[in-house]
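Once you scroll down, you'll see the structures, which are given as structure tokens.
In the two complexes that follow, chain A is the common piece, with chain B as its partner first and chain C second.
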Partner chain A sequence: MTTNSPTEVLLRVIDLRVSFFTDEGEVRAVDGVSFEIRRGETLALVGESGCGKSVTALALTRLVPSPPGQYRGGQVLLDGEDVLTMSKQRLREIRGARISYIFQEPATSLNPVFRVGFQIKEALQLHRPELATDDEVVRLLELVGIPDAAQRARAYPHQLSGGQQQRVMIAMALACHPALLVADEPTTALDVTIQKQILELLRDLKQKLQMSILLITHNLGIVGDLADRVAVMYAGRIVEHGPARTLLTRPLHPYTQALLKSIPRLGAQRERLVSIPGVVPNPARLTTGCKFHPRCPLVQPACSAEPEPSLEERDGRAVRCPYVMP
Partner chain B sequence: MSTPATSLWRTAWQQLRRNRLAMVCLGVIAFYALVALTAEGIYWYYRLTDQTPPYKQVNFDNRFAKPSLRHPLGTDSLGRDVLLQVIQGTRIAFEVGILTSLIAIPIAVVLGALAGYYGRRVDDFIVWLYTVFDSIPGLLFILAIAIVVGKGLLGVCLGIGLTTWVGLCRLIRGEYIKHRDRQYVLAARALGVKNFAIMFRHILPNVLHLVIISFSLRFPGAILTEVVLSYLGVGVQGEPSWGIMISDAKLRLWQGHWWELAGATAAMFFIVLAFNLFGDALRDALDPKLRTAEAKTA
Partner chain C sequence: MLGYIVRRVLYVIPVVFGVALVTFILFHVVGWNAAAMMLGKHASPEEIAALQKQLGLAGPKWLNWEAAREGPWYRLFDSQWFFYLRQIVTFDFGRSFATNQKISTLILDGILPSLSLTVPIFMIDLVVAIGIALVCAYRRNTWLDRSIVVLAVVGMSVSSLVYILLGQYLLAFRWGLFPIWGYETAKYLVLPVLIGVVSGLGSGVRFYRTVMLDEMYQDYVRTAFAKGNTERRVLFVHVLKNAMIPILTSVVLSIPFLYTGSLLLENFFGIPGLGYLSVEAINSADFPVIKAVVFVGSILYVLATLVTDICYALVDPRIKLR
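Our next item is the complex of A and B:
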């Protein structure tokens, strides 16, 4: 992959902590996550369901529903400005204009009662009102590869296929030239061939528009083509972090290795997930020591002892396990 | 490839079109609306030219005339034409139906939206408010309001309007609780849309069918309540509403003067029936979820 030379950092997340307060008590959905995204770079955030990927993504523009969510600490610095403490007014200026999102379910992310062209126009109206024209809407729809764009702009969401709906979402997200596109499982709800097309579209757009992407997925198989770097999350924290190429070919953390083995094969007859033995820990209950040790094939007696191993960094790779140092 | 964009509304309208009873009811409603409009014209013409309108023209020589060609519904105790009064009654019925809706629906929608969308303390307060309103006996509350602001159309409409928003408000609140967690709302927030715009531009069109159903179902209720209020003497003053006509006519029914009572009652019966049937059909067409839910329980 072409990693842009170490240019300036666009987004720096420092020790982010987000908890949900439920009947079961405090759920530490995101528990001390740090990473950075440079301009033009794609970071993939990978992990099993419930590990806190979406909450991390939402926290980047303070979108975590609150209650029950609560920010318990850390900083999200966008061009040096802390999102977690800025005014609501400033926040609205950033949402959609500097950071935009596409979500897993394109069918439900669009408002069912409005034509898709109208919805794209509204996105333009919010941040670039001078460009809120039908021509620009058509241009955006063409940009995301929708044929017969002028016609399709007049369709209602339910009249489009899943892939086209996701393209419309991408057009909406890109309408105001965000510096960072957060794609939260953008292809999970789509079938395999459409998945590939959408990922290719994202790669094209990334190059064309020079933007950064935070790609969230539980499938390590799709990150290879798109991501420059990969961060692997487990139970609210990052357990491994590194350049995509080396991390995918030479995973260090036992959890990353297990994840790689569980990749569903593209094009296989039935897409089956080879699951990792054991269950994701209930975040409301505390595990001592390394969070992964109950499921770890390389578990040692010391693994359950406090303190939890820290994220050790060397040669641009980082891993949270003392037995597999890079 | 030309797929004409069919909206939810158009689908609903197509379904409604196929329902013959609903179409007949719609025809009846349209006819009444036309009559009401004509009556409005007559009323304002005579009022602005400062003349006595025909429906108020007293003729003592022609009291209690039986229905005839000149007076298709006969005349009343003062010799006034009953048909002309029934027509004016239609005007008042529509005024009451529309004005009460203009009072009740905005209250219901705004409070329901705020409660459902924001939840927590806002919700607690609004739920408390409508529970209080709901626990006051409706008719007494209306009477109290009508007495405070004075007898007449305004008092009646305020009274009915301020007591009939609770049902719709509950419904809207419930819908907003569902919709606020929908992905399209999150997507809108992620684009930087303000809460008020999300509430009223993004979510409201998704629940608007409830407002329209509620409008057509509450209309007959408002008409009937006006009749009761006029019957009780706190209703419209000085104009021939159906309630006043019925109230006056009941005294003379035993004398065999049935036409005044019959005219007003029949006029009221058909519009109330038409609105109720049409409202049900409208609900079926606009709220498919409700229909399937009902089918499941049946």
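Our next item is the complex of A and C:
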């Protein structure tokens, strides 16, 4: 392995556009998203349901189901090589080996009719056949903290708890030492106590294995634990981007501020949970100008009249709103 | 597993009893008067009564109170219902009205020709339809997939009579590729099997394709692709084994077709199986034969569901046989 300086860029996404063609016409699920992930770094992609964050995650290895999905432009450069245009053969070499995934629902993401050991071994066989042994499977299960691993390897997914299923998914994803782990809502389907365990596991493994993580979540509460940087998505675009610490303590974009306010806090003397007024916009019928203006507390006449503001960058932070410049 | 099978076999006993009850009610309680049918409309009531007695259709239907009061107590069971139960237990359904042959012999003789026709049709149909459905799933939403779907709809919309007549006229009569009619060597079975396969293929392909495509959008398929599997491996290893569960269900649904569907083929091709026997018996109002065929058919159906339940457990680990 070459010596990697920590600032070296592993993945660079440039102006990614993914659309779905439905009866309502073209739905631009991802509309011009750009970001980078450096080696060993964790980037959190945050937003409400339907903002395009999961589609962005799947597009990194062309996993968006097509039809109805279609890549409409942009580049996904993994070590300088464009994933969106590479051959299917080359793509298979990357999937699971360089970029691997854990998904929101471990119960349905594992194949119900195969033993979990078989499913982990399959990942090894695809990319590291010399290591596809029962011993390595057991070692991986132990790595993710599954007790009695040799026996659990012979279990079917439905015989494991949700937390253990997600650990199996993580073991499977890590089997071939990926450079990037994409964790798409990894804790959403789990109990709160299990959530914490899984997040701690991810943090440990990240340090142990020196990998990058793209954490997709709608829960800003878990971002602070894990992420180095945060990108906030709204209606298919990034509206704010910056280091996790400053972004979480001093959010700029009105949408980010609203998201942070809506995190419920223990012990806070609040009557009601704070929520963002309005609903997530229908991506088939977006407004002109800033996409957030119908729900924005700081809305100005210019917000809808003028073209959509661009993502302005300063001091390592970027925000898509001319009224809250850093 | 073994305990489950034994218990399931024991469950078959009450089901068989229920089948016996229903067929008895159909044929003896609400059914036609067989003796009157056989003698035609000019027969006198005395003649009908005499024949009924001869056929064992006279006496009381359920319990013979009269005989029990007069003779020993066990004469109570001297009724049509217990006579029928005895026939079932001993597999002796009496003799055919029409030919006077033993019905058990007729049925046993008919089973082999029937199975030699329906089992190949069933197996070939299953393998070919699943194969084509896999191709559709592999090439989903391409011109190939769409053409196959159109062909399948056309194929299932055409009556199987059309296939039989076209096959007999073109392949057998015009081109002389196969014998038209008869049951002598294996060669005689090729055309009916071919026609049986073709007429069942359309609906099979459509159903299995839907099942496969449903599976293609499951989360575990996305995981399989994310690991770097080839599309072929995802389809043949991951999807196929999951798709076997709904496929098994449809196999059960097609089992009665094995029995009734061969009615047409056996008659058009003169294959002396159970279908042929049934149609002959219906034509000549040969009521004990029809009753026996219906009963045996129901039993085969019950056994088939038993086999399917066991297959479920072999395919899906979430199903536990206890």
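Assume the second predicted complex is superposed on the first by the 309 of 326 C-alpha atoms of A that agree within 3 Å, B and C clash if a C-alpha of one lies under 4 Å from a C-alpha of the other, contacts with A are read in each partner's own complex, and residues count from 1 in each chain.
The rule is short, and it goes like this: a residue touches a chain if its C-beta (ideal position, glycine included) is under 8 Å from a C-beta of that chain, and two chains touch if they have at least 3 such contacts.
Note that this is a predicted model, so its numbers are computed, not measured.
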- [ ] Please tell me, clash or fit, for chain B and chain C sharing chain A in the overlay.
- [x] clash
Open item on the list: Contact-wise, after the overlay, does A:148 reach chain B, chain C, both or neither (first, second, both, neither)?
Closed with: first
Open item on the list: Once chain A of both complexes is superposed, is A:93 in touch with chain B (first), chain C (second), both, or neither?
Closed with: both
- [ ] Considering only the touch criterion stated at the top, classify A:156 as touching first (chain B), second (chain C), both, or neither.
- [x] both
Open item on the list: Can you give me the overlap between the chain B contact set and the chain C contact set on chain A?
Closed with: 61, 63, 65, 67, 92-97, 100-101, 103, 105, 108-115, 122-123, 126-127, 156, 169, 172
Task: Sites on chain A touched by chain B in the complex - done: 61, 63, 65, 67, 91-97, 100-101, 103, 105, 108-115, 122-123, 126-127, 148, 151, 154-156, 159, 169, 172
Task: chain A partner contacts - residues on chain C that touch it in the complex - done: 141, 217-220, 222-230, 238, 241-242, 315-318
TODO: Note which residues of chain B are touching chain A in the complex, please.
DONE: 1-3, 5-8, 120, 181-184, 186-194, 202, 205-206
Task: Residues on chain A engaged by chain C in the complex (per definition of touch) - done: 58, 61, 63, 65, 67, 92-97, 100-101, 103, 105, 108-115, 122-123, 126-127, 156, 158, 169, 172
